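Next come two complexes built around subunit A: one with subunit B, the other with subunit C.
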Partner chain A sequence: MNLGKLALIIFTLSILTGMGAVLSYSEEMTGLDVMKRVDNRDDGDDLTQKIYQKLIDRRGGVREREMVSFRKDYGKDNKAISYFLAPANIRDTALLTYDYDGTERDDDQWLYLPALKKVRRISSSDRGDYFMGTDFTFEDIKQTPELEDYNWSLAGSEVIDGHDCWVVDGKPKSDELKKNLGYSRTRGFIRKDIDVNIRTDYWDRKGQELKHFNVTELKQVDGIWTATAMVMENVQTRHRTEMEFTDHKYNTNLPDRMLSERMLKRGYRSK
Partner chain B sequence: MKRFFEWVATWPKLTVTLVMLITLLLASQMQYMKIDTDTEAFIPPGHEATLINDQMKEIFGTSDLLWIGVIREEGGIYQTDTLNLIQSLTEKVRLVPGIVDQDVVSLATEDNIYGTADGMEVEPFMEDVPADAAALRQLASSLKAFDIYDGFIVATDGSAAAILAELEPQELLLERGLDKYAVYQSVQAIVDKADAKSGEVFYVAGLPVAEATLGLYIQEDMSVMMPLVFLVLMVLLFFTYRSLRGVIIPMFVVVLSATAAMGIMAGAGVPMYPTGSMIPIFLMAIGVADAIHILGKYYELVLSNPDQPRRDIALSTMDEMWRPVVLTSLTTAAGFLSFLMMGMVPLQMMGLFTAVGIIYAMFVSLTLVPALLVLLPVKASKKLMAQSKEAGLEEAGYTSVVLARLGRWVSHNNEKTLLLTSLLIFIAAAGASLVYVQDSYIANFQQDSVIVKADHEINKRFVGSYQRNILLDAKHRDAFYEPKLLKSVWAFQREVEAISGVGGSISIADFIRRMNRVMNEDRPEMARIPDSSDLIAQYLLLYSFSGAPDDFAEVVDSEYRQANIRIFCTSDNFIAGSHVEKEVNRLAHKYFDPLGVAWSIAGNAHIGYVQTKMITDNLRFNIMTTVLTIFLFAWAMMRSLVAGLFVMVPVLAAVILNFAVMGVTGVTIGWGSSMFTSVAICIGVDYAIHLIYKVKHEFERLHDIGEALPLSLATTGKTIFFNAVVVVAGFMVLLASQMPPNQQMGLLVSAAMLSSFIATLTVLPALIMTARPRFIFKGEAS
Partner chain C sequence: MEWTLHGAVKNETAYFTSGNKRLDKIQNRLELKPEAVIGSQWEFRSRFLGWYDAAMDVYADNTTDLTPGIKRHYRTYLASKEAYLMYMADSFDFRLGQQQIVWGETDGLRLLDIINPLDQREFILDDFLDSRIGLWAARLNYYADLNGVEHEFEFVLTPDARPAKFAPSGSRWAYAQSLPTGATSQRLLASKEPGWALGNMEYGFAWRSNLDGWDLSLNYFYGWRDTPNLSSQLEGTVLVTQARHLRMHTVGGSFANAFGALVLRGEAAVNLREGIDTNVLSYTASVVRKTTVNAALVAEYTKNNWVISSQVFIRHIAGAGGGSLTEDETSGFVTLRVATDFMNEKLKPEVLLLADWADGGWLMRPKASYEFSDAWVGTLGADIFAGSAGFFGQFAANDRIYTEIEWSF
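Right after this comes the complex of A and B.
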């Protein structure tokens, strides 16, 4: 066999291998891929915003709260401080939260009670616990769930309100997790164009439909897609929580001392 | 009427076919039968108590809880294995379809609120089941210190723990293809399978259990008692007539009318209430009377004219009998219809459909019975034939002989009879006045039944499974942050808890007191309402970081405008309940009126109380309307006021005697025994009607009351005797019921029937002899 023939054979093989590689391109993303994209989406390094909460019971009874909140990222961790503005009987109550990535270290929370003039530490909560009497659990209120706790699967695509979305099912990996989270299954709808989760349905441990989460208003603020209004409704108790966010300011370089225990007592002073 | 019977006699087979077809058509509706044992069914829809209770359910959730008691006598429940058992049971119960997961309450679900150096902690009492002695002691003492839960989810003496579960609302259960009984069965199955290695004992109690079981009992009762009544009737009829026809004809009437009535009821969409199970029994016992009286007359005619063609005998029987049959049916039906005047739907429906069945029995008696008499060959006992031929009807059979003798004695000693009866009634009146009202839902069950035992154990060890709820409406939002109002709530509770029969109470004030205590270094004296409403609001905010949003949903609404004070009572019996109701009302006036806070009472114990009170308050009215209805009917149909009065006398005497027996033996008035009076009057009045018709008939023929009376007693009296025996036997079958109120009712009606039979054959003739009323002695000089 001469060198020419060998070269031809090798060349042919290389073409075939190359085409094989071309033809074996990935046809679809996995559920986990989608969730990772959601997790990695730019949400700014710090954020100042006003939060308006409306708790509505099934008979239409309403409770409202208003607060101003500052959040700053420290790598994967973040710190946040919120001051209550209304109702009057909890005005100047302030909440400081240190949120650590992963589940190994419990988050830290402190609440300043002006009527008592004391800072109180709040016990670390279970992820399935409800947050401040709302329909959101501590798990729901986070930007994204802990990805490694669920088995994610891509259930397809669906058009929601004119936007093409990934449909991603999440199942807690163990019964223990199901119990802690209070869910047996979730189904998220993630906009393909901007990687924002705009809707999630939840099923309880008995497999009965439990809650619906919907982003009702989505805006670009300083170039960052921001949900400015959302609602979580418990379809079993027919209790509903609406949240609105205004006065966003991203990346203002909040000083670290803004997010300390000292600032809890000082209270919020609008400029 | 004569033309009608002639038509029937000409077309007997067609008549039989038609009647059977109509009945089958009605019977086919029975497939739609539903059962309703809801305690609230007894209260009329739209009644204030139900409205308030519904309002409470809407805002705060139901008071009807399923209680599972885990008892460990030896060493108490604070031991690792027992706590593990409680935890696993709780977890399993939460997953039962039809149980509201997040509303299950036990040691394994509830949070402890406690203070730490730098804050308030809200954590499960048992994150993990404690494994060592120190941790177990810690758990016991933390429950002891939390007064809401001490006695509620654990017995105060530590011997037992409770798991409380709430069922989904009825409509939701039906949507899921479930019912109360299915849910209770699943829970009971979990409890039965529980691995009680250390001798733990389990009890399942609470209103949903009682309601579910009662529904089962109704079905079982029906399937046992119906065939039993059937059998008893057949045996009795056979021994009375000693012929197949004597059995078949009355059985046709009762079976057809009972089937038709139940079919019409189901078809009309009326569910089977606990009272409804009585309807077929009533109809069997009552419906048989028409046929017995027709047969009685038939045999009387056969004995006196044995050679007449059977068509003629049948026609003359009907000619003489249709009036008393129609009159007795209509008066009895009217009597039962008087139940419609009572507000309670289950009693109304019982009255209505018994009346429907009675009218149907009348219809069958006037169509099918003559048709069958025409179809069947004439036959009568040869012995009786011979006796009557020799010595007349008064000597036909032992019963007739005795009754004729009785008639003769009474007609000679009429004054004596009346005086003796009067004396008896005076004595009875004293006894009757001893009767009082006492009832409870749990009294529907046998004393030695599992349910009663469970109810007893649960109510002995915990705060009580019967709830009264005080609903407060302060009319403006955030009212329940105000220290002044909360302090009144607490003071109210302290006084309420001192009432005997009250095991404990829970309100939003208790949670706030607890928070104030733990926020103040856990000093016991700080378990009071703080003086600042801002502080209260901030405590609750602090709490909301670790508690669930619905943690206080059972005690305060989300606007803090309305609150619910849950008062736990250890019994639902009427007398204890009256006392608690009176005191709670007094205290609510005292504490909430001055603050301008509106209040009302709800809860299952209150509903039970209102229900019993309605039944018994209505009893007087019911007795009076029944008496009046029947009296007016008899007056109108016999066209004589005095006849109307005479008809009522024997049965009233019987009722007075019965009340005396109740008073002396300590039988109380509850929903079962309250019905007996009216039922007894409705049925018993027939005896007098039949006898008066007969006496009148014989007197018109013989013109001698001294002859007419013994003859009437020997013939119609005998039939009344058979009738009474059948009714008594029929009602005695109720003794086989699993529900004591039914048994009581059976016994009381039987006794009343017996005495009203005796009164009809003694007091009534004596009265006729003495008063010589014009409706009998028409035209004769008295």
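Right after this comes the complex of A and C.
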């Protein structure tokens, strides 16, 4: 079922890196304050985009994926549908996700498997699981982490690629959460001018350095800051996942039917 | 109009490791999927499959389970699996042409998945996508929003009431047949199969929705039983048998929901007036009509990139009475599938176990696939049968190992 999880990237990864309104520099700002601003950032009411993904192993072997995705917000919840366009052996696989805000209700997910010609209800799964061979976990592709899962602390400021950034540490609140999320600690670097997370470092459950996430290209699309390229590199396996996002269309008033089970069975063909 | 072509070239080679050890197949397959986008609302989709099995030209001396007729049956294959036009509107989809229409929630258990018959040339070992026989049909899926909830209503109509196909008699994948006491030989009469006629039309209806988190469906289908009943009569010492296809009504439903890492799925189907074979050797009494109740429950648990999925299937013949029926009053299967992946999903091992709890036979299917690149995937696997008789046990001398190498484009 990991195949399904990959598609979640489609709607959410760019948002992971893009965040909120411009901060006013305040001495009283806390880590949680920063993350709330990230969580509240304008990411459009709906989004259509294409995704190109490259999985690179330690020997330089490359696998590529192409997808198209649609996401629409319903208050703090959102619905998203992703279609795999390439390679040919996973073409027509599609994932529908109802992502509910908070941790009280599990997300709902349905996967269409062309080999079975069936729409399958699937588990929303462990947030620490890796999906579809990428270096992103289910947790990584959340729009933002569930804020109540972590103790957030502001570790200071740092200049990254010429941009002044908040440095925010996140530590899971319990050992159980640490186990579920797969991390003992994260450190995010958030641009102060646009509240966009441009880098995150991860440590595994044992406290060992695990992987690094970097936004490699950031643009304003329809007035919304959008990560158009990013990379996640696992330093333990030396496996890397590169993502490129193109053909963004924000706020096109996607009809609800576009985010429904029937579309899984139809499949996506560019017209 | 914009045409695209996808497909795959694949070699499937299998070797029997029990019974008479020999190659089962060296299939060199070509799959083509031409498609066209016709304007904004029309599409054409199709899938064609063909192969040449070189193993049929390896054993020139084998005239027992590889007779010329059996070799002809297996040597080449060419079939259209799907070829249909699809019209997509805001509130409905309409498909017209040769289709595979799949109902139900279970994996490989055909309770509600009864519309398309199967080509069982390799028992049930082939992928359903390949073994399903495409039927010419009209299908309308209408979507209605009622009180904020989407409901789907599906209507299916097919004049193409084709039956299932089986391995030829005498081949290693043919179902075992035993002669009753007093018979020394068997003569098969031409089977009575439904053809293309207005009166033979199959049709069905399904409703689907998601209510309070539950995926639900209700289904009805009036069709022909895909597997034939056998009317037999003893004429002297010759058992004269004729395969007959009988109509039946199927009423059922399905559900699915997720509870954290656990997904529960299930389906039930009641077949009304299903034909059941008896041991009575008489054209009129060798098949009787019964109501059968078929139910299956699936529990699928996903954790740390491991998937453990188990199914229980029960079939009960209402009012079986006496002991003249050829199948047990209550029968069923259990299945267990364990799968995971390594190396960022390049390596995917899994094992599937299917057990027939009424007869005690089972089938184990371990396999591992490796993704060499986006286009190249290789698979190594085995099919291991156990038991002395019954659905799986009858193939105990057909254990095999196999390799597959596929290039898709």
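Basically, the second predicted complex is superposed on the first by the 245 of 271 C-alpha atoms of A that agree within 3 Å, B and C clash if a C-alpha of one lies under 4 Å from a C-alpha of the other, contacts with A are read in each partner's own complex, and residues count from 1 in each chain.
The definition used in the following text is that a residue touches a chain if its C-beta (ideal position, glycine included) is under 8 Å from a C-beta of that chain, and two chains touch if they have at least 3 such contacts.
From a predicted model like this one, the values you see are computed outputs, not experimental measurements.
Overlaying the two complexes on subunit A, which is it for subunit B and subunit C: clash or fit?
Pair status: clash.
In the superposed model, does subunit B or subunit C contact more residues of subunit A?
C
When the two structures are overlaid on chain A, which partner does A:K206 contact: first (subunit B), second (subunit C), both, or neither?
A:K206 sits against subunit B, while subunit C stays out of touch.
Looking at the overlay, what does A:T134 touch: subunit B (first), subunit C (second), both, or neither?
Touch partners of A:T134: subunit B and subunit C.
So in the superposed three-chain picture, is A:K117 touching just subunit B, just subunit C, both, or none of them (first/second/both/neither)?
Once the two structures are laid over each other on A, A:K117 reaches subunit C alone.
On the A-aligned overlay, A:R63 touches which partner chain: subunit B = first, subunit C = second, or both, or neither?
So A:R63 meets both subunit B and subunit C here.
For A:V159, select first, second, both or neither according to whether it touches subunit B, subunit C, the two together, or no partner.
neither
State whether A:T93 touches subunit B only (first), subunit C only (second), both chains, or neither.
Only subunit B; A:T93 stays clear of subunit C.
For A:D108, select first, second, both or neither according to whether it touches subunit B, subunit C, the two together, or no partner.
In the superposition, A:D108 touches subunit C alone.
With the two complexes overlaid, spot the stretch of subunit B among 207-215, 297-305 or 549-557 whose C-alpha atoms clash with subunit C.
Stretch clashing with the third chain: 549-557.
Do subunit B and subunit C land on any of the same subunit A residues, and which?
55, 57, 61, 63, 87, 89, 109, 114-116, 120-123, 125, 129-130, 132-135, 237, 239
Quick check on the complex: what are the subunit C residues that touch subunit A?
Subunit C reaches subunit A through residues 6-8, 35, 37, 40, 43, 86, 88, 90, 93, 100, 102, 104-105, 107, 127-129, 141, 143, 150, 152, 208, 210, 213, 215, 256-263, 265, 300-305, 307, 341, 343-346, 371, 373-375, 377, 406, 408-409.
Going by the contact rule at the top, pick out the subunit A residues touching subunit C in the complex.
1-2, 55, 57, 61, 63-64, 86-89, 91, 106, 108-110, 114-118, 120-126, 128-130, 132-135, 237, 239, 255, 257, 260-262, 265-266, 269-271
Within the complex, which stretch of subunit A touches subunit B?
Residues 55, 57, 59, 61-63, 84, 87, 89-90, 93, 109, 111, 113-116, 119-123, 125, 129-135, 204-206, 237, 239 of subunit A touch subunit B in their complex.
Can you tell me which positions in subunit B touch subunit A when the two form their complex?
Against subunit A, subunit B makes touches at 58-59, 95, 97, 101, 116, 118-123, 478, 481, 519, 532-539, 541-542, 544-550, 557-559, 561.
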